[in-house]
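Chain naming follows the written order as A, B, C, D, E and F, and within any one chain the residues start at number 1.
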Amino acid sequence: MEVSAFAPFASPVILFFLLGLLASALRSDLAIPEAIAKGMSLYLMAAIGLKGGVAVAKSGVNAEVAAALLAGLVLSFTIPFLAYALLRSFARLDQVNAGAVAAHYGSVSVVTFVTANELLGASGLVVAGFMVAVLAVMETPAILSGLMLARRGGGSDGQSKSELLREVFLNASVVLLLGSFAIGVIAGPKGYAEVQPLFDSGFKGVLCLFLLDMGLIAARRLIDARALNMRLVFLAIAFPLFNGTLGVLVGNLIGLDVATAAGLGVLCASASYIAVPAAMRLALPQADPGIYLTMSLSITFPFNILVGISLFGELSRWLSAS
Amino acid sequence: MIETVIRKRIEILVDSPLVRRVTDAIDKAQITGWTVLPVTSGSGRDGRWREERVMGTDKSLVLTISSVEKAEVLVDTLAPMLTSHGLLLTMWDVEVIRGERF
Amino acid sequence: MEVSAFAPFASPVILFFLLGLLASALRSDLAIPEAIAKGMSLYLMAAIGLKGGVAVAKSGVNAEVAAALLAGLVLSFTIPFLAYALLRSFARLDQVNAGAVAAHYGSVSVVTFVTANELLGASGLVVAGFMVAVLAVMETPAILSGLMLARRGGGSDGQSKSELLREVFLNASVVLLLGSFAIGVIAGPKGYAEVQPLFDSGFKGVLCLFLLDMGLIAARRLIDARALNMRLVFLAIAFPLFNGTLGVLVGNLIGLDVATAAGLGVLCASASYIAVPAAMRLALPQADPGIYLTMSLSITFPFNILVGISLFGELSRWLSAS
Amino acid sequence: MEVSAFAPFASPVILFFLLGLLASALRSDLAIPEAIAKGMSLYLMAAIGLKGGVAVAKSGVNAEVAAALLAGLVLSFTIPFLAYALLRSFARLDQVNAGAVAAHYGSVSVVTFVTANELLGASGLVVAGFMVAVLAVMETPAILSGLMLARRGGGSDGQSKSELLREVFLNASVVLLLGSFAIGVIAGPKGYAEVQPLFDSGFKGVLCLFLLDMGLIAARRLIDARALNMRLVFLAIAFPLFNGTLGVLVGNLIGLDVATAAGLGVLCASASYIAVPAAMRLALPQADPGIYLTMSLSITFPFNILVGISLFGELSRWLSAS
Amino acid sequence: MIETVIRKRIEILVDSPLVRRVTDAIDKAQITGWTVLPVTSGSGRDGRWREERVMGTDKSLVLTISSVEKAEVLVDTLAPMLTSHGLLLTMWDVEVIRGERF
Amino acid sequence: MIETVIRKRIEILVDSPLVRRVTDAIDKAQITGWTVLPVTSGSGRDGRWREERVMGTDKSLVLTISSVEKAEVLVDTLAPMLTSHGLLLTMWDVEVIRGERF
C-alpha cells in the first residue's frame, strides 16, 4: 500500500481541522464556547481510555505491553534532555524557557494520538488498545525532567513542591485517562456495550468538532505570536520528525506490530498542549506561554495531524517490511 | 440610611492554575472570604490570550473584601508572587454594610 | 436470582461514579464545566420524561397508575414530618435546618431514579414507565411540608409567597419532566423513534459522565464539610434505609409489580439535591446548605447508588416471592 | 395528500418548541446554559452543511442548482427594499430601524430551514441538498441592502467599513455552513459515513432541545417587549406570508421540484435571528434590538415553525399539481 | 477631556435564585438599570462552594450605577435581606460619562 | 507594606460584537493591556436581555488599568461611540503595585 492509502485529506476529521485554520486565518469570528470545547476534550479522553481498557480486557497483558510501557516511560523522560540541548544551543533560549519547551515535547498530545488512531485505522493499521496506558504514563515523566532542566542551579520554592507533584501525577487528563482505562478493563466488552453508542459511535463526529476548534485556536495563536523566531519554528518541526522516527524505531526494536510501533512514533512526535502548559503555569510561571504553547499547539500539532501521522505510518510499514 | 464602614476591596487577576495559591494567601491573612470571577480574554505585554480553557491556561479574577490591616498582610504575603507569577492587583476603598464581618 | 445478579460494581455507570469520588478524594483537579454538567442534567430529565411518556402511551393509564401517583403524593408529603422529628430530637437541629433537611428527604433525586432504572433493568427488573410521572409529582409536596415545619410559629414574608409557589410548582425540573413526559405521551412510539438515537442510545453514556461529575462534587463537598456531625451522618444513612423500605412496602401493598415497587422504594429513599436546594435558598435562606446539601448529596446519594438500589431491588423480590 | 399529512403538532420537534413557549409564559425558571445553546446551534449548522454537501457530491451540480443560487441571491437582496417600504409607510419606523428590520427579513434563519427539512421530509417532501448552499448565500446580501437603506444620506464611518464587510461575509454561520458544505462535498458519502452517528442520528434530538431553548427565549422576549406595536406585529406575520409565497412561486417558475420550491419559500419567509442581529450591533448600533430581534425571533420564527412551513409545503404541492 | 460626574457603583453578591429579588429592589428604587455577572466559586464563614450550578445554589454578582440618593433608597430596601439572605454589598464612588442617565 | 501608586481603573460595558472596537481604542491609547469579563444579563432603558449568546447580541465588560493621562486619551477616543453605541463607562482611582507597568 502506498502513501495515498491514508488519503487523510479526504477525512472529515482533517477537513474540519483545515476549516478551523482557514477560518482563523481569514479572521472570521467563528468560535466554539470554551465550556463545550473543554467538555469535548474530556469526552475524548474518557472514550479513548474506555476503548483501550476494553481492548486490554480482551487481549490480556503480556511482555509486549510491559515493554511498551517501559519504552514510553524512558522516552518521555529522556526526550526533554535532547530537546533542551538544542533549544539552548541552536535556538538560544534561556534555561527556564528551554526547560518548559522541552517538557512539552517529551510529553504527549492526547488528541494527536486519537487522530492517529482514526487515520491509521482507516488505512488498516489498528493500534493496540494498551497504547492508551502508554499514552497515560508518557504524560508526566517529561514534566519532571523538564523542571529539573529548567531549575538546574536555581532552587524551587519548597512550599509548592507537594502541590506541584499532585498537579503532575493527579492532573485531570492522567486521572481521566487511567480511570476510564481501568473502567474499561473492569467492565469489559459486555459492560462497554451499554455505553458504546455515546463513546464509540459518536467519537469521530466529536473529534471533527474538537479539531475545528483546535484549528481555530492554533491559527489565531500563530497570528498573534510575538515571541517566535525562525529557529524555534524550525525546531517545532524538527522535533516531531526526529522524536517520531525514534519512537517508531524503538517500537520496531521491542517487537511491537506495525500499527502499534507507528502509534509509539506518534506519541513521541506529539507535544502536549493540555496537561503540560497548566503544569508550567504552576511550576515555571516565568516561562513564556507565547513560546511553549505556540510551538506545540500552532506548529507541531498541525504538522503531526497533516503530515506526521501518515509519515510515521509509512515508516513503520517500511521498517517491518524490510 | 444604614451605617456603612470603609473596607479595602482587592481584586487579583491570576492564571487559573494559581488561584489556589492566592486564596490560600487570603485564608492565611485571616480574611473572612473571597470570591472568584471568570474572565474570557485579555491582552498584556505578553500578548493576547483567549479561549484557553482547554489548555488550562486561562485566567480568573479573585475578589476579596478586608480591613486595611489584613489587606496589608495579604499584599505583603503575595508580594513575592506578584512579579514572578505576573499577578495584576488593584485595591481601593469601598463602603460595606455589616462591616464587623470583614 | 441472587444479589450478585445486580453486579452493580461492574457497570460503567457505577464505576464512573467511583472514579469521581476517588479523584476528588485524591484532590485531583479533574472537573467538568458547569454548563456541561447542567446541560447533562437537563438532557437526563428530558430523556427520562420522554421515555416514561412513551411507555404510558403504549400501556395506557389504569387504576395501578392512579394508586402509584397517590401513594407518591402522600409519601412525599408525610416523610418530612417523620424526618423532622428525628432531626430535632436525635440530631438536635434547630427548626429551620430540620425543616430544610426534611424537605430534601421527602422529595426525590432524578439521577438516583435514573440510575436505579439502569441497574434494576440490567438485572431484569424493568420499572414501569408511569413512575416518571410519580417522580415528578413527588418533587414538590415535600417542599411544602418542609416549609410548614420550618416556619411553624415564625411567619413567612408575604411578599415572596407567590414567587415561592411558582418556584416550587414551576421549577425547572418539574416543568421539564412533566413537559417531556407529556411530549412522550402525545408523540407516542412513532414520534419517539425519530429522536431515539439521542435520547435513548446516548443515555447511558451521558449518565456515566454525569455521575463522574456528581462523584467529584459529592466527595469534595464532604471533604470541605464543616457543619456535619456523626448524628447527621447516621441519619443520612438511616433515612434512605427506612424510607426506601417504606416505599417498597407501600408499592407491594398497592399492587405494583416487583420492579415498580422497587422503583417506588428508590424514590422514597432518594433525597433531592437539585430542585429542593434552590427552593430552600429562596424560601429558607437562613438554613445552612452545608447541612442539607452535604447530607443529601454527599452521603445519601452515594449510599443509594452504591448500596440502596440493589437492596430495595432484593427486598421487593423477596416480598413478592413470599 | 392533505394538510393533516404533516401532522406537525405530533412531532417532538414542534412539541419541545411549544413546551419552551409555555414554560416561559408560565415564568418557569427553566433555562438551558448559553454555552450549550450556542454549541447546539453550531452543531446544527455543521450537520446541515455536511448533509447538503454530501447530497451535492452524490447528485452533482447542474443548471437547476445555479438557478436556485441565483434566485436566492436576488431574493435576499431585494426583499429588504419591499419590507423597508412597508416598515416606513405602514409601521412608521424611522430609517435606521426600518433598514435593520428589513435586513432581517431578507436574510434567513438556519433553524427554520432545518426544522422545515424535518417536517417536510416527514410528509414525504425531501428538500434537495444544494439548498444548504442557497441558505448560505442568502445570509449576507440582505445585510448589505438593509444597510444601504438605513444609511441613505447618512454617511457610515469609514474606519469600520472593512471590519463590517468581514463581519458580513465571514460571520460565523456563513463560514461554518459553507465550510461544512465543502467538507461534505469533498468527503462524499464514504467520508460522511464515519461521522454519521453524530451528525445524522443525533440531529433530530438536538433540534428538539434547541427548539426548547428558542421557545423559552422567544416567549420571554415577547413578554418583556416594550417597543412593539400592533402594526409591527402585523408585519411580522405578513412578511413571512408574502415572502414565503414569493419564494415558492419563484421556485416553481425556475423549475425546482415540489419539496425544493417549498424549501425556497421557507428560506424567503424566515427571518434571521443569529447572523443579522450581531451584524446590526456592529453596523447600526442605534437600531433597537427590542424591535428587530423581537419581531424576527418572537413572532416570525414561531409563526413559521407552527404554521408557515406546513403552509408553504401545501402551496408548493398545489402549484405543482395545478 | 469629556466631563464626568460622580455616581455610586454598588455591587451585590447574591445566591442566583435570589437575583430576581435584588433586581426588583433596584427597579423599585427607580435606578435605570443593572447588570449581572457570573461567579465561579467562593469561600466565606459558611464554607466553600464551587460548581454548584447543577444544584442551582451558585451565586451571581449584581452591579448597578446610581445617584447617591437612589443608592440610599436601594440600600434601605435591601437592608432586611442583607443579613437574613447573606448578601455581600460593596459601594463606592465612580466617575461616569453621560451622568444624566443615572 | 509594599509601595503602591494610584492609577485609573476603567470598566466599559459593551455589546460583545463591539468589544474589538473598544480594545482597539485601548491599544491605540497605548495602555499596556485589558481584560474582558463575561456578563449574563441586564436591564436598562432599552429593556432586559438575557441568554443572548446564541444571537450574538450579548454584552461583555472590558476592564483596563491605566495612568490618568492615558485614561483621558481613551475616554476622548471612545467619546463618539459612547452614546451612539450605548456603552456604559465607569472610572475610579485604585492603588496598584508595580505601577511603572501601567
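Note that in this section contacts are C-beta pairs under 8 Å (C-beta built on N, C-alpha and C of every residue); 3 or more make two chains touch, one makes a residue touch a chain.
Bear in mind that the values here come from a model prediction, so they are computed numbers and not experimental data.
A.B. asks: List the interface residue numbers of chain E and of chain F, divide the shared ones by all numbers used, and answer same when the ratio is over half, different when under half.
C.D. replies: Counting shared over all numbers used gives less than one half: different.
A.B. asks: If you average the CA coordinates per chain, which chain's centre is most distant from that of chain E?
C.D. replies: The chain farthest from chain E, judged by C-alpha centres, is A.
A.B. asks: Greatest Cα-centroid separation from chain B: which chain?
C.D. replies: Most distant chain from chain B: D.
A.B. asks: Centroid of chain A to centroid of chain E, CA atoms only: how many Å?
C.D. replies: 45
A.B. asks: With centres defined as the mean C-alpha position, give me the chain A-chain C separation in Å.
C.D. replies: The separation of the two C-alpha centroids amounts to 40 Å.
A.B. asks: Using the average of all C-alpha atoms in each chain as its centre, how far is it in Å between chain B and chain F?
C.D. replies: The computed centroid separation for chain B versus chain F comes out at 19 Å.
A.B. asks: If you look at chain E, which of its residues touch at least two other chains?
C.D. replies: In chain E, residues 17, 37-38, 40, 53, 92 touch at least two other chains, as defined above.
A.B. asks: For chain D, give me the residues that contact two or more of the other chains.
C.D. replies: Correct list: 29, 31-36, 38, 167, 172, 197, 201-202.
A.B. asks: Spell out the part of chain C that touches chain D in their complex, as residue ranges.
C.D. replies: 33-36, 38-39, 42-43, 46, 50, 166-167, 170-172, 175-176, 179-180, 182-183, 186-188, 191-192, 194-199, 201-202
A.B. asks: Chain C touches which residues of chain D in the complex?
C.D. replies: For this pair, the touching residues of chain D are 10-13, 15-16, 19, 22-23, 26-36, 118, 122, 197, 201-202, 204-206, 208-209, 212.
A.B. asks: Taking the complex as given, what residues does chain F use to touch chain D?
C.D. replies: 15-18, 20-21, 40, 46-58, 84-86
A.B. asks: With touch defined as at the start, can you tell me which chain A residues reach chain B in the complex?
C.D. replies: Going through chain A, the ones touching chain B are 31, 34-35, 37-38, 41, 160, 163, 167, 172, 213, 217, 220, 224-227, 273-275, 277-279, 281-282, 285-286, 288-290, 293, 297.
A.B. asks: Going by the contact rule set out above, which residues of chain E touch chain F in the complex?
C.D. replies: 1-2, 4, 7, 9, 23, 27, 32-38, 60, 65, 92-98, 101
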